[in-house]
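Reviewing the structure listed below.
Naming follows writing order (A, B, C and D), and every chain is counted from residue 1.
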Amino acid sequence: MAEAQATQKPRSPIESGTPDPFRHLHPTLRRNFGLWRSHDRPRPGVLHHTSHTGEEVWTVRVGTQRQMDLATVRSLCDIADEYADGYLRFTIRSNAEITVDDEAKLQPLIDALQRAGFPIGGTGPSVTMISHTQGWLHCDIPATDASGVVKALMDELHEEFIQERMPNRVHITTSCCQINCGGQGDIAINIQHTKPPKIQHDLVAHVCERPSVVARCPVAAIRPAVVNGQPSLEVDESKCVACGACYPPCPPMQINDPEHSKIAIWVGGNHANARGVPTFHKLAVAGLPNNPPRWPEVAEHVKRILYTYRDNARDYERVGEWIERIGWKRFFELTGLPFTKHHIENWKGSRYKLNTSAHLRF
Amino acid sequence: MSDKTYDTPNLDELESGPWPSFVTGMKRQAQDKPMLAGVLGQLEQSYTDRKGYWKGGTIGVYGYGGGIIPRFTELKDEQDNPHFPEAQEFHTMRIIPPAGMHYSTALLRDICDIWERHGSGLIALHGQTGDIMLQGITADSVQACFDELNEYGLDLGGAGPAVRTGMSCVGAARCEHSCCNEQKIHRMLVNNFLDDMHRPSLPYKFKFKVSGCANDCMNSIERSDFAVIGTWRDEIQVDQAAVQDFVRRKGRKHTIDNVVTRCPSGSLSLNDDDTLEIDNRSCVRCMHCINVMTEALAPGEDRGVTILVGGKRTLRIGDLFGTVVVPFLPLRSEQDYQRILEIAQEIVEFFAENALEHERVGEMIERIGLAEFLEAIGLEADPNMLKEPRSISYVRTDDWDEEAERWYRRQQMASEQAS
Amino acid sequence: MAEAQATQKPRSPIESGTPDPFRHLHPTLRRNFGLWRSHDRPRPGVLHHTSHTGEEVWTVRVGTQRQMDLATVRSLCDIADEYADGYLRFTIRSNAEITVDDEAKLQPLIDALQRAGFPIGGTGPSVTMISHTQGWLHCDIPATDASGVVKALMDELHEEFIQERMPNRVHITTSCCQINCGGQGDIAINIQHTKPPKIQHDLVAHVCERPSVVARCPVAAIRPAVVNGQPSLEVDESKCVACGACYPPCPPMQINDPEHSKIAIWVGGNHANARGVPTFHKLAVAGLPNNPPRWPEVAEHVKRILYTYRDNARDYERVGEWIERIGWKRFFELTGLPFTKHHIENWKGSRYKLNTSAHLRF
Amino acid sequence: MSDKTYDTPNLDELESGPWPSFVTGMKRQAQDKPMLAGVLGQLEQSYTDRKGYWKGGTIGVYGYGGGIIPRFTELKDEQDNPHFPEAQEFHTMRIIPPAGMHYSTALLRDICDIWERHGSGLIALHGQTGDIMLQGITADSVQACFDELNEYGLDLGGAGPAVRTGMSCVGAARCEHSCCNEQKIHRMLVNNFLDDMHRPSLPYKFKFKVSGCANDCMNSIERSDFAVIGTWRDEIQVDQAAVQDFVRRKGRKHTIDNVVTRCPSGSLSLNDDDTLEIDNRSCVRCMHCINVMTEALAPGEDRGVTILVGGKRTLRIGDLFGTVVVPFLPLRSEQDYQRILEIAQEIVEFFAENALEHERVGEMIERIGLAEFLEAIGLEADPNMLKEPRSISYVRTDDWDEEAERWYRRQQMASEQAS
């Protein structure tokens, strides 16, 4: 078939870009576009929005596995057709949202979704779906899986998804290599390599553009070298920060290691501007084993941080705000996590991370 | 092509538990689509070895240079025979969804049908950049699948050193906080850069994200090169009766502890009659009080957007948030909307010509300095772009007087415009 | 006499270091050392401290010119002897402090000081003495004077010294070159050169150790060079930030210029930990002429900033806290000072100075 | 030596106005001391030309390598004759005052008398580093002047790449906030480094400053390489009756606006009975509430000091504040005081051996990293040393488990000690 196509002149693409969503909007949303007045949450997983026109809608937020088979997608469509006028959307966190414009339709919709096995929640002060990436399922550079990690964790956190009993919303992210497509989060679960790449010298010459590999290293630890008579690369291991940046442009720079690619948990990444300005996440704990299929050590640590937060934070405090108030010393005390020299940032411009004041908590 | 299934004891562990299981879904799909059986086999191997087994390559459709993420198995025996022959190829097509990720079931069903015909049936809704990811197709089938999707009205998203698929929040469609037409801005921006999306030739990737207010539900400051965020310039709209009602229901202490003292700029004060006093000059438009008292408070009426440039994740110099380059652009007319596009065009053009290879726009700004960057793209420096002015005296202020003059002229023009 | 000394074996120093202050303390301070309980200010310039023992002291703060002739110092001694038991101290800002342990002695002391021409004030929310440096009077690298600048400004700010009508204390500093011995302050008045050094090439070889001069430049703008057949230095003027760091180790690198060495005013340097952590000062305005003997342009700008602060800040807000609350945009508006590209920091690690949030004030 | 005075029209302008005039003082002194007439003449020239006319040189006293700042005039004619011959030399002697700058008039008068005999009579009280600056002496007279001062009990301060004269606040001598014996710490530190003060051979200068509380009246965090600041570890002492009295006198709103909402850590809450509730675990010991309500509040009783290292001004990499390296050192015994000295010795030694030429200790820490520095001087890393932990993942955590172990061991030891 590929050959057949190659002979006939291929078709030129229509560069249509991003489709207009208007005709895919529920008609009540369309009518009230830009006219919404306020909302409340009658129960976890349900948003109730009121318009200036007086119209109202109820939206049910539905957890999915993101990586879906056709039957799952179609079953969502079936439910949306039967109970909700044939419209749905997805959130940035791969939750589906199905909207009805009549309160009477709400409970039947919920019942149908629950019957089909979909969790309902993720609204308000809950733990919503973890944003995840490709991992071993599809990516060419992962040190761990993504869908599996998310499934394992969401099983553990299911109750926190379907209930709203956190001080504020909790956004968790995962990433399957240090590049971090998953982003920052209140709690971010990321790969942290601990050893420099092992170089497959025989492959470098064929596969890698050496100057661009050299250029990718943030600490200038890579030098061109000749190994066994072949052009290759060498790494100054004392400089290397094991970031893995050299690996995508040059797969023979094997950074992934079943044992030494560990998992680190970061906390306090906050991207809303509500109250404080957006903040980067900060290292909580590293050195956790990459332990499929259920990553129990990671789950244990995430829950420890999460429940310490739940039990100690004030309403509306996100994870980072809570820690800022009680201080990092107390964070490590309350969670029982170790504080190490690795928590001290030593990157360029990290001066601003140091405590240059007499503000101290004991 | 064999039709068998493989033992997946590790993956099977992921079928229990309350959260929907991608393994169960993939197994179900594998009954029709052997490719997924092979993929599950390879994934099981990864779970055992703690190693990934895909490698990249180059695959495209006619006329485009990007949008497909090719994956070939690396699990082969000495004779180069794949361990999981069904999964020799497992490419992903990135398809752009409607702005805001709204679907009629008709659209979604049609996508499913086309995908069932050409691919594995595995769909990720959505990728972190906002694409529909159709995961699992062979090189052979890519063109036909694309043609059908494209005829239907869908297009490939970005990959490589290109403008990427954009994202915008639900915003005006269902959110009371929305200060702009997010979807319009989103489509205007991305759809004007389709050439840079489909024929990757920028120094590196470039992402647009649009949030209707400072809650930034699209993480645009963190995760996009060009973030557009709705805001307002006048006063917060207050329904004082609703404020009093809130205080009555929740209590004074609750109101003080959760609204007043949480205001980051000290702009709120609860009056003795339980109405709210707002110092709108000091208010930083953080949204908190409006979030908590959504019945009583709303963004002002003189609305527009803030533009921040340069967000990205870790590679090379550590994570960057976007930096304010346009504090406020009013959105009253079509022309105003066009102005956003003009600014984006200036920036992408300058980026294309001046960034180093594999350098994001944020890294470029850090390298050349914000002042240089603003000058280059013709935007005026403004105190709102800074947390605070410089503390280090290492700067050449030879042209202080001209620069001061420039500011005074601008101030005068602004005040003339206002009057 | 020098020669006479050179022949006889010189005396070895007694390395006594910092003297014990105890016997120079007023006896009431000595008795109550470490036992103070609280204080108040009965009037500007007077501190009244109460001890846990019940004893009380009144301290009068007295402005001086710092660079004093013997008669001035002795007249302070005379007054301290006659009215205050023969003790006095100096503050970090060159104010004298004279303490009495009987309220009845206070007014006579004040009267005597005032008769002798000493201003009384500098306590509480006032503008206290400006901390100053050497300038043309003594230093080998100054671009302006110090004592003269301080005298000129304190004349203008005299009323603010003797009264307490600021929102909080105001600490002003000056420095006569960009090295800034004077430190940071709520308002800091510093030299800001605008042109690279002019090199006296014929002198370099004799006077300067070239490698250490090269090493001093923060932007690596200096290279060794041969000029007119002599070893000298050259400056890449496009890189040079006119900081003057090369001048002390190499006086032929003439950085000072009667015309192009300008004055800049910085605001919001705050070193107490009260409320916020210590903060660096920030550029308010540059390009002011270095205009002896009274630097009227500098005085005008200082007063403009000071009175805008006085009229707009809340109680206890230091200059920097006030600006942080109202925002820099409004600071420039209220003071009428220009905001320029030079306010944008472009030094290493200056990323944290940028507004990476949607927090904006209009 | 001529005996004339010079016209100083510019300087004369500085004789009017309410503030005491250094010009008037110097003119008066110049009647006895021609050197000052020459200095005024030269200064007038500087005022006219906007240029300085002093140059340095090398002058010392027997046995010491520093402490004198030599100044020779540069204003000479073609024949190398000085324009102001009386001011050919104008050297400054830096003399260390009693800690806290306390004087009996006897001491001050004796200094005046010695100085009158040997020098110009001009005295600056004090230099920014805390020295008595005796300004205006010829090279000839330096040794004799020093001998007399030294016999009397005074010593030269620091200059050059040396430990410098220290400073401590009035503190325990007259301030209710004092949490330590500032003068004792000050003298213990400086007087143990006199060799490094008098024989300059460090990479660069090194300054000690001591403040009795976080108000830091000595600007120690900004202006010293080694800052010692008093603080406490237990609870703020509260006299609730005095709190109620404060609220009665000043009003509730005043109390909330000026005390409660100004607490940087949100640790204060005013109870309904006008007593104050303090969350001492969150309190950051900023001093604000104690400053404002000095009658009612006082630092706790378990007192000690915080040590911060590395403050300095602009040269080379921009201003640095000191960084916490010892969050809390209790001061209960003589041994505890000695511990401060031990730490200082470790640091100065490490600085002497590891800093580059003309590199301050703060710059050295920035270059090698705080963790390395702590390791080298044998201090344990503590969260209180940071505003917040790292955000950038570029770090080698190979030895995570050992480092974690180390922390747990320390925690256990600490809790065993406590119990």
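What we mean here is this: a contact is a pair of C-beta atoms (placed from the backbone, for glycine too) under 8 Å apart; a residue touches a chain by one contact, two chains touch by 3 or more.
For each chain, UniProt lists the protein as follows: A, C = Dissimilatory-type sulfite reductase subunit beta; B, D = Dissimilatory-type sulfite reductase subunit alpha.
The structure presented is a predicted model; accordingly, all values stated were derived computationally and were not measured.
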{"item": "A-B against B-C, pair bridged by the larger set of C-beta contacts", "value": "A-B"}
{"item": "Chain A-chain B separation of Cα centroids, rounded to whole Å", "value": "13"}
{"item": "Where chain B and chain C are represented by their mean Cα positions, the distance between them in whole Å", "value": "49"}
{"item": "CA centroid of chain A to CA centroid of chain C, Å", "value": "50"}
{"item": "Residues of chain B touching at least two other chains", "value": "214, 216, 221, 264, 266, 285-286, 314, 318-319, 321, 391-394"}
{"item": "Sites on chain A at which at least two other chains make contact", "value": "178, 180, 218, 243, 273, 277-278, 280, 347-348, 350-352, 356-359"}
{"item": "Graph class of chain-chain contacts, one of line, ring, star, complete, other", "value": "complete"}
{"item": "Chain A-touching residues of chain D, taken from the complex the two chains share", "value": "214, 216, 221, 229, 231, 233, 264-266, 281-286, 306, 308, 320-324, 327-328, 366, 369-371, 374-375, 381-398, 400-401, 403-408"}
{"item": "For the chain D and chain C complex, residues of the former touching the latter", "value": "10-11, 13-14, 16-23, 25-26, 28-29, 39, 43, 46-47, 49-56, 61-64, 69, 71, 90, 92, 96-109, 112, 115-116, 121-126, 128, 130, 135, 139-141, 143-144, 146-147, 150-151, 153-156, 165-167, 169-170, 172-176, 178, 181, 183, 186-187, 190-191, 194-195, 197-198, 214-219, 221-223, 257-258, 262-264, 285-288, 291-292, 294-295, 298, 313-319, 321, 357-358"}
{"item": "In the complex, chain C residues that touch chain B", "value": "178, 180, 190, 192, 194-195, 218-219, 240-243, 260, 262, 264, 266, 268, 280-284, 286-287, 324-332, 338-347, 350-362"}
{"item": "Contact footprint of chain D on chain B as seen in their complex", "value": "261, 266, 314, 318-319, 391-394"}
{"item": "Chain C-facing residues of chain A, complex", "value": "273, 277-278, 348-352, 356-359"}
